[in-house]
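Look at the two complexes coming up: chain A is in both, with chain B in one and chain C in the other.
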Partner chain A sequence: MRTPIAIISALSMSLAATGAHAHAFLDHASPLVGSTVPTPPHELSLSFTQNLEPAFSTVEVTGPGGARVDQGKPQISGNTMRVGLKPSGPGSYHVHWHALSVDTHTTQGSFTFHVGQ
Partner chain B sequence: MNDPLLYARAFHFAATITVAGAVFFVAFIGGSAIRKAKNAAFLMAEVRTQCAWVAWIGLVVSLLSGVAWFVLTAASMSGQPLGNLASQGVLWTVLTQTEFGNDWLLRFVLACALGGLFVHFLAVEGATSPGLKAVTVIFAAAFVGTLAFAGHAIGGQGIEGIVHPTADVLHLLAAAAWVGALVPLALLLHAAGQDFDALTVARTALLRFSTLGIASVATILVTGSINAWYLDGSIDALLGTDYGRLLLAKIVLFFGMVAIAAVNRLLLTPHIVLGGDLTAAQRALRHLRRNALIEATAGATIIGIVAMLGILPPASHAHHHAADHAIPADAAFQHIHSDQGMAEVTIDPGHTGVANVTIRLGDENEGPLAAQKVTLTLTPPVAGSKPITRSAWQDSDGLWRVDGIELWRPGDWTVTVSATLGPGKRLVLAAPIVIEPR
Partner chain C sequence: MPRYRWRLRACALALLLVCLPYSAAFAHCFVGARFFPATLAVDDPCVADEMSLPTVSWSRTGDVPPATEWDVSAELSKRITEDLGISIGDVWTQIRQPGNPTLAGFADLETTLQYQLMKNDEHETAMLLGLIVDWGGTGAINSGIATPYSTLTPTYYFGKGFGDLPEDAGALRAFAVTGQVGYQFPTSSYDVAGGSYIPQVLVYGGSIQYSMPYLKSEIQDYQLPDFINHLIPIVEAQFATPVANNYGNSPVTTGTINPGAIWVGSYFQVGLEAQIPVNRASGTGVGVLGQLHLYLDDMFPTTIGQPLLGGTTALPRKLSF
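Up next is the complex of A and B:
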């Protein structure tokens, strides 16, 4: 399917308008999206489909009690965002991320992971 | 159509391509053509004056539209209203701490340098030294090429991060050399007049422009192929989304421009020969002038389409990771996978308004996955908005469905599927999904 699309679009003078991943989508996370891990993680890591702008990309993590458990500003390198997590107990953790891709487009999303059995 | 960023982008693309095109024309086409004329000094002065107007107006418009693009993008990046940008230091942060801002800073320096170079390069009197010509061409090429670093081509991983922006830089240069040089070409053909001497000038200019045009079209084809490879879409996505339909409109216009260029080269230019039929040559010259302006108009329309495409989600996003089975043309689709299972979410129609959602659950190997209860949450693309959460019902085919959801805003929504698989066993999957404007 890619070849005919390539031929058609090649004739389109696409200038700077086309792109495979024009928004930074979440590619994978550690802990995994929706997963259950036995012990509270010390760090949350998010990998995106595009490189991020550190100045405008953020993540918030709330623990089972509803309080923030992330340690503030995340460390961002290339397409990876990492944030340390404060020690907390078993239960559901809610992650909300906001990403600004280097191509200036913003995306946001949220997911949950669980700690315990 | 009411997004001011659309207009800022359109004017900036058009103005930048005009600036670079005028420089390329003066450096590679106009001067060589005019030197062979008997009234070369007069013609050179006339054409340079007109090209200087084109280049200077292009430079000023590119600066003004560039400022507008920068401010509007800074507002979008930060989520701040325009009035707060300066007071909260957002503009400075964007300028110094983002790749877009760094690119804009570099392009501002290039624009200022071009302004300085233009004083001598576009001067009516005096010959341009080869060194000044080379420096001006390099700066003009950099000015248009660095537009690629403010667009969708950057940010990719691995080899894509090198190949895609490189292709876009070449794509922009080729577009500037062809489309940007059309207006100066039409001006030269007009200034050359109707006599025999004009035929020499016109023929030389047309042949040189044609050679440059062939190289440009070839470059656009190759670099467009590379862009399309990274587009990674589908025929359905091209035909079934606004992004795809605009892309197809570009294809039609591009074909039209290539067809006109072929007519110019193969049918009209051969009539312009010394010692031939003067009346036929003059008629061909009139047609060539008119065709150059038609091509320039088509090029301007393409630039307008490019400006629109830049603020729409690419077609591939509407069907991100599309599965093999049929998906309605108007639907938004998302495949979400984790090590515990997967969900295929179809929102039909995938634009603003009332939509129905279908969810197919599967295990980690994409086999059937039984669930006791499934809940769907759709989070709007606006910070602080209340998510829409609904329980899904299972149809006779085993698909989970939620009907009548109001999608009130276009953009990147987040879809979350929460499935209860058994006592204490739950599967939660989340991913972005693009909802298009109606």
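Up next is the complex of A and C:
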């Protein structure tokens, strides 16, 4: 059974040599996924498990009335995506994001946070 | 088993690993926001670039007295195009029964051709068709572990996540199910050496799984420990029911129910399950099944982690909602 060990070793060495990347999972968000905050946040921050490709990673936030409240193109640095939020009232905010990790793997997701409820 | 055959298999696997051309592509089993992990006893509903190495199980058979069985297997799955994939795998088995000689050897080589019927991101639904072929005469026939005849099993696979339930469903949205059903035809209807008919068998199973990663990123972040947030508790079940050409054989359905958990990382996953036989014919006592599973598309995103055909090295298009 030496061959499987050799294959695992080869895989490990190749992985180290290529500096591989992977799918970008949402690691945490601010405000937290599903949380309730007392006042409307000025900014939404999403942190992922991998670095992002800025040109192809996006986020959209809709407020309690269903209108978009994000201020457009997010700022992306490394594995973090930030977008400013327009002033809005209490209620449920829906976040929908697409992420492209630097090795071209795409992921997407959505969640809700609540203000003042 | 002849040593040259094992070497041949090792060489074939090595060639697949090092010679695949540079192209491009995407993921393992993501459907919208849902990630279906590679399950241990049944298959997930996606074509993918991945490798299970090894899968190890320990169990006791339903014989009297029970024999102890070890199975060590490996499987490599590779996409040919974005929607068409092929897998190749084999199992080494050792059976020890008190009062009898130990039997050991490889089962027949197994290949699976799979086509991705559909993926629906919004409803977290995936469907797959496959043809599993166990190539007779490629394993340890003399020890009874392999067979001189082949079997063909057309199989339908599906997966469904419940993230599309209303938000009021809360944490229930992290549940998902997968399933598969296949019909196994042997290429011979009678086993001359064993003096018995070879039945046609309905092979089916599925899983119910609860995704802690999904709970954290889509529903509610409870700020649980990182290890917990990577877990997918799961119950798998697999069954086989002889349905035709079964004269003189037991008509009993055999199978196991496997509760366990899968830890999902960025490049690999580790799964561990108990194997509970559904009846005496399926085994004696509780067995154990474990697996290390590698995501080749994440480990080697620009080489062997991409489809053989139809890939592109061009930058992806701008995403839009």
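Just so we're on the same page, the second predicted complex is superposed on the first by the 96 of 117 C-alpha atoms of A that agree within 3 Å, B and C clash if a C-alpha of one lies under 4 Å from a C-alpha of the other, contacts with A are read in each partner's own complex, and residues count from 1 in each chain.
Rule of thumb we're sticking to: a residue touches a chain if its C-beta (ideal position, glycine included) is under 8 Å from a C-beta of that chain, and two chains touch if they have at least 3 such contacts.
Just so we're clear, the structure is a prediction, and the values are computed from it rather than from any experiment.
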Partner chain in contact with A:33 - chain B first, chain C second, else both or neither: both
Which superposed partner A:79 touches (first chain B, second chain C, both, neither): first
Which of chain B and chain C A:50 touches, first, second, both or neither: both
Chain touching more of chain A, residue-wise (chain B, chain C): B
Touched partner set for A:111, first chain B, second chain C, both or neither: both
Partner chain in contact with A:58 - chain B first, chain C second, else both or neither: second
On chain A, the residue positions that both chain B and chain C contact, one per complex: 1, 4, 7-8, 10-11, 14-15, 18, 20-23, 25-26, 32-35, 49-50, 55-56, 98, 100, 103-104, 106-112
Complex contacts: residues of chain A adjacent to chain B: 1-2, 4-26, 32-35, 49-51, 53-56, 79, 98, 100-104, 106-114, 117
Of all residues in chain C, those that touch chain A in their complex: 6, 10, 13-14, 17, 24, 26-27, 30, 32-33, 53-54, 72, 74, 121, 167, 213, 216-221, 223, 266-267, 294-295, 297-303, 316, 318-321
Of chain A, residues touching chain C in the complex: 1, 3-4, 7-8, 10-11, 14-15, 18, 20-23, 25-26, 28-29, 32-35, 49-50, 55-58, 60, 96, 98, 100, 103-112
Residue ranges of chain B touching chain A (in the complex, touch as defined): 13, 73, 76-79, 93-94, 97-100, 147-148, 150-157, 160-161, 164, 168, 171-172, 175, 220-222, 224-225, 227-235, 238, 247-248, 250-251, 253-255, 302-303, 305-306, 309-310, 313-314, 316-317, 320, 336, 338-340, 379, 381, 383, 412, 414, 416, 424, 426-432
